[in-house]
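Scrolling down, you'll hit the structures one after another.
Presented sequentially are two complexes of chain A, the first with chain B as partner and the second with chain C.
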Partner chain A sequence: MLLSKLREALICVQAGRVTLPYPYAPHDPPPGFRGKLALDADRCIGCGGCAAVCPSGVILIRDDKPMVRTLHFALARCTYCGRCSDVCPEGALSHTLQFETATNTIDDLVMTIDVFMGPCQRCGRCFPPPTAMDQLPIRGFRMDSECCRVGADMPAPDAAATWAAAHSAPPGGVRTLTP
Partner chain B sequence: MIATAAAETATLLRSRLGAGVLGAREMDPDLLWASVDRSCVREATTVMKEIGSRYLVTVGIDERPLGGGYGIVHLFSLDAEHLFIAVDCPVSAGDPRIDSITPLIPGASWAEREFRDMIGVEPEGHPDPKRLVLPDDWPEGVHPLRRDVAYNYRPPSVEGFAPELVKPPRGSSVLPVGPFFPVLEEPARFRLFVEGETVVGCDYRGFYNHRGIEKLGDSVLTWDRIPFLAERICGICGFIHSTCYCQAVEKAADIEVPRRAAYIRTVMLELERIHSHLLWLGIAGHILGFDTVLMQTWRIREPVMWLTEEISGNRKTYGMNLVGGVRRDITDAQLPRILDVLKTVEKEALAVRKAIADDSTLHARTVGVGPLSTWWAKEICAVGPPARASNVLIDARIDHPYAAYDDLKPRLCSSDGCDVWARVIVRLDELEDSIRLVREALANLPAGAVRAEFDEIPGGRVGVSAVEAPRGEAIHFVMTGGENRPYRWRVRAPTFPNLQAVPAMIRGQSIADVPISIGSLDPCFSCTERMETVSVADGSRRIYTLQELQALAQSARARRGNGDGGAP
Partner chain C sequence: MFKELCRKAFTRSLWVYHANAGACNGCDIEVIDVLTPYYDAERFGIRLVGSPRHADVILLSGPVTRQAAPALKRLLDAVPDPKLVVAVGSCAAGGGSWFDTYATTGGANETIHVDYFIPGCPPRPEAILYALAVAMGLVPKKAAPEHWQQETLEELAAGITHLKRA
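Up next is the complex of A and B:
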């Protein structure tokens, strides 16, 4: 009994003080850490690959101006999984080592870029679908799909129509949001 | 060997049930799928018990869009033959009833109550047919896992409902514990029936923390998004769930994972076990009021967290798994660092073990406390360290070898103590063994790719996977669908069966021993409650703006000022 108490005390004494001085001294995460996303607007080609793989619907793509595709990152939803930066063909997305993202201003967690998309040489407009994005064989949850838009009506539970509706919705590709 | 076991079981079922067997086939080398008529479900269960298989969980599937009714699939494990057996009972949509198997297997109780809630098939003859998962004010007749219920369905508010409560035995009084479990800070509500200081029974109501995970998986997400959600089922052993999900899909779709990926998964799984067991030991000390253990084990644990952060990019949600393998490799440059950390952890954990081994205060609080007999552990289908500490020799790593456990043989750590102390010892043994396993895995790390390429995953396939989490065996069942996502994804967290053992463990114990008895299961309420959905009480929820909050705070301050006679 006494011996085990002595041993326990010894463990504590030997450990000494282990509390880090953080936040008074910086405490950097190791390289390879998946911190807050950074987006290099000059590299992005607007392919939409990132939006198609993001598990948490962070990335919204809008095509509501001619020749311009808007990428909107709602980073408050980001889970720091790093799938978007994995698939980005241009290396436009990367993780910084920044982890102190708490803020009172939600805008601090929003990134928006406008990507100039190649227009038609004759009429000057962006190509209509099918674009590379529409051809992506990835289906499923989209932040810009109707059911996920804030304020969208929640369907009733019982109607078989709900089932039918859910399954007749266009399954494939990225649908763009019309304004 | 495996094939014969499956064939033998199928033959036995046919000879006992005759035309009751609608079909039997091997879905996977380790999965026998036997469809039986629903009138024969009890007989089939009896056969399963006779051949010595162990009940795992029941999956309810809404098969109406596929042209059927409902499917009730009881999963069993024939451990000695490394075989899963699925007893599938089609139930017609017009008459959703099936005989309950709980009278034969007490451990099936919750799973049957769950499919009653979620799919709406009535288990007839169930001894306690009340709600398990759905909130008490959820409308009758809405079963969230039916395919015609939208994932974001919210029922209207209801007034004047009352939860179904169990009547306490005569002469006892009720001591409420919860709805937030006081020591683990997780949602669970126990009503203890006590006579003086002695617990004579209890009633449990949980599932306050449903997150609709399974529903999201089969209606919203896609194959490769689900691992990141699965990882968030548990805040401690998340990697277990993403591995278990990926393995189930890989089995269903016949995807061969590269050996290197299998080894890396093993390393991460064992690192997770190491930090989880250290965490648990600390919590156990904390529950007993012995915070030195908490402080020191968590100090020892911290370098493991830093290590996983270096390997994966995050200390807890590793985000390593995808269907087909892992996303990050372990580089040679990281090896010395991993071995270093293991060495320190081993040394320090051993010192703690030595120190507490003869601590009579600890013994007084743990020896003979929270007893779980071998017989009842088997009946209630307990898993993991609580089962092994009651001398039930099961371990998913050995019974259903996955990842690299066919090469790296784990030691089965067990005890016949059947009490809290035995659970401590089993976990400490496992901790040491995990360190050995990581070392062996790193020493034998094969070269090669870490992720397999594969084509589109076909629909209509089934995969069952088991992973030995620190808390016990986790089971994931995946039925593939054609829309780039599962048709049905069922998760059974290890706490799901283990919590059902609580009433037996605390009966006759003193009130003061209840927290450590429950804590000794290493329960994870949130994992258990992965299912559905939002409480309707939210209908009346109000969101305050900052200004309103400040105004509220000011008026409260003013009131207090008056009441307290001018306190500042």
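Up next is the complex of A and C:
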């Protein structure tokens, strides 16, 4: 009984101090950690791909002023999924290692950028440069559709017809589950 | 005055009640992590208590669901003043992926007053520890609103730059 307690004490002494000194000393996350979003304002073209894929609807795009498109990031509900940085055709969005985002006002978790856009000469609306729009399907604009991923096997044009022919009911018979 | 009272009353020891208002359990696991010897929140006097009547701080996780919202209000009434509400995770901080669904109220801020927000899905245990350290005044707050502006053609022609270039 006493011996087992002593053995336990010995194990505790051998383990030494395990507690992190964290709030007083920095404790960086491992590389590849997805922390607070960082935006390279020089690179953003205002295409809105990030807003299209964001599952939390963090990014709001407004065309209030002529020639300026405003991207509004409400980072309080950002889930750090990394889709926006994956989809960004210019690499303007990236995740930093910063996780110390706790704050007492929700206004601190707001990021805005005014992007200078080329407006249409006829309707006056902003549009991203066509070359960048052309890049979007190549770089995986919708990451959740298999066929749009880079390197994925693109279905042949007649794949749907082949599938339909293979799975259609035999002529004149009743379709059953077992062939 | 309330702020001053909070500062005096809360710098000693925070007793924490952990409330789940519809969370997926991810944030709850991280809250438990904070109490392990590795992160050891107890060295700041932080203790998990079993009743809101004993608590100073409510650690709230989950996008407050419509079912949980009335219960959460009653829970807050049971906590003696002065009290802090810390929203753990993106769901509690702003609704997360469920910010506009029919079943949730879109974040704890819509139902009750929240004092500290910890975004993350789930937040790291360090992030929760950091928020509590900010609440106790041990470390400075780092989050700040950010704004960038790209130059228009006229400004570029005039040689004006808004962007900080590294």
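Here is the rule we use: the second predicted complex is superposed on the first by the 105 of 179 C-alpha atoms of A that agree within 3 Å, B and C clash if a C-alpha of one lies under 4 Å from a C-alpha of the other, contacts with A are read in each partner's own complex, and residues count from 1 in each chain.
Note that contacts are C-beta pairs under 8 Å (C-beta built on N, C-alpha and C of every residue); 3 or more make two chains touch, one makes a residue touch a chain.
Values in this document were obtained by computation on a predicted structure and should not be read as measured data.
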{"item": "Which superposed partner A:Asp86 touches (first chain B, second chain C, both, neither)", "value": "first"}
{"item": "First, second, both or neither for A:Ala102, with chain B first and chain C second", "value": "second"}
{"item": "Touched partner set for A:Lys5, first chain B, second chain C, both or neither", "value": "first"}
{"item": "A:Pro29 touches, of chain B and chain C: first, second, both or neither?", "value": "both"}
{"item": "First (chain B), second (chain C), both or neither touched by A:Val53", "value": "first"}
{"item": "First (chain B), second (chain C), both or neither touched by A:Cys78", "value": "second"}
{"item": "Set intersection of chain A contacts, chain C complex versus chain B complex", "value": "18, 29, 55-56, 79-81"}
{"item": "Contact set on chain A toward chain C in their complex", "value": "18-20, 22-24, 27, 29, 39, 41-42, 44, 55-57, 67-68, 74-81, 98-104, 106-116"}
{"item": "In the complex with chain A, residue positions of chain B that touch it", "value": "65, 141-142, 147-150, 152-155, 219-222, 224-226, 228-229, 232, 292, 295-296, 299, 302, 306, 309-310, 313-314, 317, 319, 327-328, 348, 351-352, 354-361, 483-485"}
{"item": "Interfacial residue positions of chain A with respect to chain B in the complex", "value": "1, 3-5, 7-8, 10-12, 15, 18, 29-30, 32-34, 53-56, 79-83, 86, 95, 138-141, 147, 154-160, 162-163, 166-167, 171"}
{"item": "Residues of chain C that touch chain A when the two form their complex", "value": "37-40, 43, 90-91, 93-97, 99-100, 107, 109, 115-121, 123-124, 126-131, 133-135, 138-139, 141-153, 163, 165"}
